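Two complexes are shown next, each including chain A; its partner changes from chain B in the first to chain C in the second.
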Partner chain A sequence: MGLGLLTSRTLKSSRILHSQYSRFRPIVTKPKLQSPDASSAAAAAPQPETTPSPPKKPVGGARIHFTNPDDVIEVFVDGFPVKIPKGMTVLQACEIAGVDIPRFCYHSRLSIAGNCRMCLVEVEKSPKPVASCAMPALPGMKIKTDTPLAKKAREGVMEFLLMNHPLDCPICDQGGECDLQDQSMAFGSDRGRFTEMKRSVVDKNLGPLVKTVMTRCIQCTRCVRFATEVAGVQDLGMLGRGSGEEIGTYVEKLMTSELSGNVIDICPVGALTSKPFAFKARNWELKGTETIDVTDAVGSNIRIDSRGPEVMRILPRLNEDINEEWISDKTRFCYDGLKRQRLNDPMIRGADGRFKAVSWRDALAVVAEVALHVKPEEIVGIAGQLSDAESMMALKDLLNRMGSNNVWCEGTGTNPSADLRYRYLMNSSIAGLEKADVFLLVGTQPRYEAAMINARIRKTVRASNAKVGYIGPPADFNYDYQHLGVGPKTLLEIAEGRHSFCSAILNAKNPAIIVGSGLFEREDKDAIFYAAETIAKNGNVIRPDWNGFNVLLLSAAQAAALDLGLVPESSSSIESAKFLYIMGADDVNLDKVPADAFVVYQGHHGDRSVYRANVILPSAAYSEKEGTYENTEGRTQQTLPAVPTVGDARDDWKIIRALSEVSRICLPYDTLLSLRSRMRTVAPNLLHVDEIEPATFGPSLSIDCTQEINLTPFKAAVENFYMTNSVTRASKIMAQCSAMLLKE
Partner chain B sequence: MAFTLRSVKVPPNSASLEEAKSRVFDFFRQACRSIPTIMDIYNLDDVVTKSELRSSISSQIRKNSHVTNPKVIDLLLFKGMEELNNIVEHAKQRHHIIGQYVLGRQGLAQDLDTKDEGTSDFLKNFYKSNYF
Partner chain C sequence: MATTVVKSALQAIRERGLRTFLRELKDDGFTFVVPLSSFLLKCFFDGNLLFPVSALEPSSEIILGILSSLLFISSFDGNLIGWSRQTKIHNIGATVVGVDKFGNKYYEKLGDTQAGRHRWVEYAKKDRYDASQVPPEWHGWLHFITDHTGDEASLALTKFALQNLRLSTCLKDLHILVLQLLMLKPKRYGVEHKENLSGKGNEFIYHSKGHALNPGQRDWTRYQSWQPTKAE
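The block that comes next holds the complex of A and B.
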């Protein structure tokens, strides 16, 4: 027997042994594995000094600012030195070192609970692995994230979590984007030792938005912390102990928060999922489009997930300056309104009062024919609260060329002033509100008018105990506030220095006044603004380094409309109108329109104004078009089309451009780009996407107001948070919300 | 069933424009010769005449009259041959032939009125669809 044959034989036999061993690998654990020191020693022994891989970049491209150079400490993560500010946790230090630690309960915007134990890492000279999310990093700490001890700890935690977690991933809506699923693939064991029954938990009813499957819950308490800390409602809590521990509302109660949808996003498992989205689609078959929200004036950054021509769900997108990573329930769940009540064909009202679908050619011919036979001063145009800047520009150009200057945007009042930008913008910016230490809310209820800004105010109140004074009808805010009064009387008292709140403003470092744009509708709005500016002047609210004079707008179109100068020539033009062009304006009062006036409605939903319309021109909704919007702080953002338009609808600006040609006053732009360059000549800031253009002039330019102030109390600008525009009024989910959540 | 044209091989590249041109004429003759068969198998006698089909073929060829590159002509010829082959093999149906060669590209909904004359491309596109 040659030597070669012998070798091959031994090799063969050893191979057989190996395969047998792998087939019958025992499930039982060995005492050697149970002692961490021994197992780590065993694992460390064969590979003594591997050359460490080059340092990684911080997770998510995070950057750190060192406010004080003395507070910098150095720790070692997997052998690499990292400089971090004092007070950071071990987990944050690892993130800056580019090591992503698995976690369930830890969330950077919530308080630390430290109860899931998934983030265990090994720290040198520590007897046990430490929960990195709760352990502050100390100078010179040597953190090891990839040792056998840490791996084994994670594996053990995963095994315990999966002990009571149902294996229903194929029918779970979280499947595919589930933290537990991902981390059990990455860090879990390939087998379990669990043979008993799994526990089951009764599902809770949290209202029409959040579906609960409480058996899937792993008790990370993220939702509890979100509800108490960010949303400011004390509805959710932890009941029971040990394996009987449950998340719930204790008594049968719905979650009455306008931010409740965010618990769906922060739930790491499928315990809290979206009720309207339940079993509608799997997340990997959806196409995401990064766009912005237009249901309020905040301009929250969202991602529209669509499948084919249908919007399936709306998720938030991270933007620290606007919405952080939350969105309001109206933003998230209004999407089913995009499928209902849609206008899909041009229509003309016949002699019998019924609408008849016609071709675009006929509809435009009829409109142009009427428009040419009306006196220029009797032509009126109203832009709606969802209109994009491009179409408002086109509408203004069209009406100006017809000889009329009566064009405005609904919600800006009968006599808006577009001359001074600071008078309609949130001058301290949304993120800047965090610097304020005293808030004075004048006739505004941010909780219902702009839920994300309210979350920002709440964050400030929680973080720095900022004082909030409120003038307006009684309201329920989710932070402590002082109800100063109900109307202009209190405002005048503060302006004249006769009120006790004056001292709070005077003593504040960064006082912020927020005036609601619901006051635009009042006859005495100039006097009210004058009073608010007097408070600002007396309280030193506007300084070179801090501008705390803010106006909170109500709808997405208002800021751009005022920037583009959509200001009516006469405040009573609607009474004498013979030709009324409504571009999606549904909240404007049409009772005063003369009976013989010809009303054209261009919009995407069959809402209030359609009842008065003579011709309907169907247009695209915000999920279907590319359009520029300016939010309440003066930040320009753009929507992107996620789904195709419905039926025979067209983009808003295209309809106006086509109508202008049919009525033989052709507007000089054929493309969106050339329309935007026209917009540049009017308001160049509308082309600087994602930038804030601050107001140039302060109140030094405003003249003294001689108007008499009317002492009638302020009214709430938003009656029903869930239904404020044509999309949300068409939504079934929003109707359920208003029926169930607002009655309490 | 006429499978006579099936044996068509990919011919070698045309060396010059003249050669390509003569091939085009050959192709045209071949197509014209198959017109009676096509009329027969697709039952086209009551909708079109032979001369109309002939002029339809020639207009298809004339559509590419600006092409001078012999390689491109060869490729277009190959595509034309494919098409002819498919038609003669009865791989198409009657409405394909009527749609493509009897009614032309615009189809039945031909807008022959003069309403849109003098309007811009924008308006013409606007009437067609939202996406342009």
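The block that comes next holds the complex of A and C.
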């Protein structure tokens, strides 16, 4: 990230020092590095007290927040005073001062190991160079990062690191984005003195996602710390000592974590690389598109790297409020599903039951013809879990103009209520979960439903020993939790104050209740929500300064669908439907659809519902369109197209707009912008990109529920973490994952 | 002219005997003796008659008829009758210098032939022939650039490859130099000689890789489409 800059800066500064070499960079060991004292004197002589360059900006725009004014200390980095809070390390102080210290083992989100020694700096009155990542900054410390001593120390460390590092950059997938490459260019020597044989290490099998070439490993232990601290699996560890030291699984074991792909990003060298991406492309050939993920309701910020018409890989983007800098394996590796089972031509099912590819004109004419000849109340529309807000708006408008209001989004249940926003949003926000000290998970398994939110909960549990209570089927979370019960019985006990966990909620400062949206499918969901709200009322969960009542949604479309009011008029409309418009809904149960109903499937994958369709209209996947999505905390975000659409496919809203034209009920928008301004009239928050629109009203408005609670235990909402939507079900990598990782 | 041809044919028979003459013809690719009528018919369809039958004098027609009934010959592939070709008539009395790998035959006739017309090729393809079918090693001989035949060129090429002759020894002779240049064609990646198929239809013309008409073009589709045949 900053290293390229750092390299050029280093090269520039060396050029200034060696004015006689202004045109050629010498390929010799710098003589002044051999004798630090003599050279420092020599360096000081030609440049006597020139005006110091103005203080640099903090690295990566780092900001400091002083909680207590008494804790401010002042240190000097390369002669400039910097004010930092107490407890910061020397490395952090240097970053605030705008000096990027080379490092391998240090990572701001992991614990400090201090074993790579790359970050050595000189501190005045210290006999030896100090490892800045592990040294706390003390008041008045004079840190020098650019002295010959520090440079020599880095060069020496680099020489040791490169001793056992293979020279296989040309065949290494990390090539071009390798910290070791960059830093050896910036700080390394031009030659090594090592003439022995390099050591070699046996590669480990970490599963279908992470490829290991352990000979390249420099033992920074970032992956070990990530696995234990963030992912919460104790699979990786350090074995052996000295030159026999290696990273590995203690026994032959795959890495069973939903976040295992992040070790690829975190590895500073090419020891851990992406297995599906291996030897597919070089990073400099790829075009990055900053977009968001739709495989779950978190809306992780991602960068889609594409080459030509092909998505080559998906990487996380930094967003402290949502996914920090991690993404789940499903997000990262589902991309090969975007290349398989794609619908690329409009198709009509003929009289013999076979599909035949036709032109758009013919397909739309057939659909419009049927739609105009059914009764309005027999028209039903279902939006899928990957639908964007624009297309759902267009679908609802189309069906409303046809006279029907039976349109909903799959997964929101048979009788969804969109009246109160707090009932389907994560009101405390994802980042806000870190403030909670007691969690009550009701019928939700965040580890499988939203892995990034689970990582937040785990972070909170680790940081503040927050208590977690869980009601639902037996599950395996990667943090300590109390399994309170399996069903509504326990929930009722807590609501009525008869359960031991009540005291935990009552004593908590910021209790958080997370209700799974898998419960939407239950008949008695109103009663369950009423019970959860009772707990919230009794436990003082909803206060002006803290709203701990959360609903964890399952899919990317749900929040926007409910905001747009995609609520069916009658819950049994699907049974009497004559014209069913499915917009990418593959998890909806179509058994009840009458045999004579005309089913239109608009979507990008031939998954489940397509087999019931009479007409197929191919549309664009999330990597190919510009669309608005609202995540589970009510944050609006937009995708950007990274690759072109396949075949004859079109954007979802454009298909609906064209169909409206053919049906002679022209929808009044021709561009995405005018469609969005239509959306503004329904749900203005969907235009405030990257902002959370909090729910206005709390449970104070909800009326007492008279519904009888059903005591059947809760079911797991997600059975297979790796296959939850049409894209992931088409993915070969996800199929491998579910075959290899879920059998254990 | 007709008489000279018949004369030369008869002279060849007299010199070498009928059996030898027939064998030579057979070596030339004419194996079957068929009745005269069909010969004339085929000559007619061939459109490549040496003499229009009507224009012939009765005597010469009789002579030709007798000769043909004796020597009547058809090419093996049976599509056309080579005997009636102009080249065939010339071939009588000429020596076959060599046959290249495509089956083209190279003739030479020294002596009373007009200079510059004493070497010619009889193409292996009787229906569709043009000059580009001559491979480069025979091109020089056929166009009087060198007296070394294509076989010698190929042989020298093999020898060159086998013995790794030094360039200096070969420089003695200019012809050898020409051969050398021929030999310099790198065997490893040199492609086989291919005739020019321009104007023979799109499927015969060279199209670069990726050209829409190249039959072996790469599939640039980077996705797999859903196959509706799997419908339940």
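What we mean here is this: the second predicted complex is superposed on the first by the 693 of 744 C-alpha atoms of A that agree within 3 Å, B and C clash if a C-alpha of one lies under 4 Å from a C-alpha of the other, contacts with A are read in each partner's own complex, and residues count from 1 in each chain.
Criterion: a contact is a pair of C-beta atoms (placed from the backbone, for glycine too) under 8 Å apart; a residue touches a chain by one contact, two chains touch by 3 or more.
This one's a predicted model, so the numbers in the text were calculated from it and none came from an experiment.
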After the overlay on chain A, what do you see for chain B versus chain C, clash or fit? fit
For A:R340, select first, second, both or neither according to whether it touches chain B, chain C, the two together, or no partner. second
Quick one: is A:W360 in contact with chain B, with chain C, with both, or with neither? Answer first, second, both or neither. first
In this superposed model, does chain C or chain B come into contact with more residues of chain A? C
Identify the partner contact of A:K654: answer first if only chain B is touched, second if only chain C is, both if each is, neither if none is. first
Looking at the overlay, what does A:H605 touch: chain B (first), chain C (second), both, or neither? second
Which of the two partners, first being chain B and second being chain C, lies in contact with A:N283: first, second, both, or neither? neither
Quick note, chain A centre (C-alpha) to chain B and to chain C: the enclosed angle in degrees to the nearest 10 is 40
Examine A:A620 and indicate which partner it touches, taking first as chain B and second as chain C; both and neither are also allowed. first
Considering the aligned complexes, could you tell me the closest Cα pair distance between chain B and chain C in angstrom? 13
Report the residues of chain A in contact with chain C in the complex, numbered from low to high. 308-310, 338-345, 347, 349, 353-356, 605-606, 610-611, 646-647
Complex contacts: residues of chain A adjacent to chain B: 359-361, 620, 644-645, 649-651, 654, 657-658, 661-662, 666, 670
Residues on chain C engaged by chain A in the complex (per definition of touch): 222-229, 231-232
Which residues of chain B touch chain A in the complex? 115, 119-123, 126-127, 130-131
